[in-house]
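Here come two complexes built around chain A, the first alongside chain B, the second alongside chain C.
Right, the complex of A and B next:
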């Protein structure tokens, strides 16, 4: 394949990874008050870890360059214990009237959200620059 | 079919304005290279690359055909990505956009190459003998 947009492989993988991170953050925010997960316990906050994936970029002569792309390694449960809140009217309250709420700090999630969207934006800027570099290169030698 | 056939159509119409008007040909020349034409060319060369003896004789034509193939591949990759996105398969938005961008930029590259070829051809035709 012709490599029309330089560096686009890494950027695509980073965008995909950031999208997944955004998914996980939105899941955390949405479940901030979920007291009963599938296993009956309160929702556990999740976080993603990224890892490098090597991808061989084929060049025409059979050789290839290794590009370091990003992929999501794991989506892991945060091990923080649930927060106990006194609310005897809650259906999930124990005999002492305490409800185990997920240990999700909304401001922490919002900060993560900002980071994810900024990183996404940075990668989009790479795409934009890469495109304009290619377009400008195509105009080499244009008369008029 | 020759990879330059589309170019030839355009060229023939452009170079001979004094001929009796052929509306069909002129309508074609008004467009840039039509997509179906490109796809036909790409398909043809994929299927039987050996069946064209005059191509084996001219490596540059091969190179051109390969480029047209590549551009066709990018176009179809882009349309696959968009189809996947619109039909609700899990194709991320940015992937579809990037595929489209790549297709458009490589198409521009092809048009640029065609323009240069045409320019040099016209330069030759203007040569004093």
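Right, the complex of A and C next:
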């Protein structure tokens, strides 16, 4: 398959990675008050780490040496301890009336959410521009 | 034989420039894709390309111009703005991308122009 759109591999991988990140952030926000996970413990905040993968390294024909795609390396549990909140009426309260709540800071999640969507938008702008470049290339030799 | 029609130095140079812009677009796509990757170093078309091309253009030799090759290399002049060691700056990169698209449009028009002039010379009709 010919590479019609320049750099589309990198951009696609970034869009996928950022979407996974958005999924994880929304999961964290949704579970901000989950005191009972599958293992019976409070929900642990999840975190995404990115890493690069070298796409092509050949130098012949001046072709795309050194471009890097991006991928999600891990979705890891954040190791912060749960926050103890006094609420004796809660079904998951211990004998002292303390409930272990997930250590999720909503402001932090919202900031991450905005960054992830900005990066997503930047990559969409690349797709748009690459597309217009390809259209220009295809119209070489036509009278305008 | 017919190759000689397409050996005009300016036409060849425009072709080379267009290859370089396509390559640059790939580099920018890679940089923007790795906006959030720790320790990523931005890549760009090697700065030596323009000097090599203008030197080759000065000789007016189609072979010299044809042998200039654009390569990508790690941009060592970029400095990391954050503690994560990533040297990509979103705004600068988007500006560079827009410039690149315009440069590509210009080069496409140059190539179209020389092809149309060639056709005019062959057929004697502009339409």
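Rule of thumb we're sticking to: the second predicted complex is superposed on the first by the 131 of 144 C-alpha atoms of A that agree within 3 Å, B and C clash if a C-alpha of one lies under 4 Å from a C-alpha of the other, contacts with A are read in each partner's own complex, and residues count from 1 in each chain.
Assume a contact is a pair of C-beta atoms (placed from the backbone, for glycine too) under 8 Å apart; a residue touches a chain by one contact, two chains touch by 3 or more.
Keep in mind that this is a model prediction, so the values were computed, not measured.
Q: Go through the superposed model and pick first if A:107 touches only chain B, second if only chain C, both, or neither.
A: neither
Q: With both complexes overlaid on chain A, does A:8 touch chain B (first), chain C (second), both or neither?
A: Both chain B and chain C are touched by A:8.
Q: For A:50, is the partner it touches chain B (first), chain C (second), both, or none of the two (neither)?
A: In the superposition, A:50 contacts chain C only.
Q: Give the label of whichever partner, chain B or chain C, reaches more residues of chain A.
A: Of chain B and chain C, more residues of chain A lie in contact with C.
Q: Can you list the residues of chain A that touch chain B in one structure and chain C in the other?
A: 8, 11
Q: Applying the document's contact rule, which stretches of chain A touch chain C when the two form their complex?
A: So the residues of chain A in touch with chain C come to 6-8, 10-11, 13-14, 18, 50-52, 55, 59, 61-70, 115, 118-119, 122-123, 125-126, 129-130, 132-133, 136-137, 139-144.
Q: Name, in rising order, each residue of chain B that touches chain A in their complex.
A: Checking each residue of chain B against chain A gives 67, 70, 73-74, 92, 94-95, 98, 101-102, 105-106, 108-109, 112.
Q: Within the complex, which stretch of chain A touches chain B?
A: These residues of chain A touch chain B: 1-2, 4-5, 8, 11-12, 15-16, 19, 124, 127, 131, 134-135, 138.
Q: Please name which positions on chain C make contact with chain A in the complex.
A: For this pair, the touching residues of chain C are 18-19, 21-23, 25-30, 32-38, 40, 43, 69-74, 90, 93-94, 97-98, 100-101, 104-105, 108, 111-112, 115-116.
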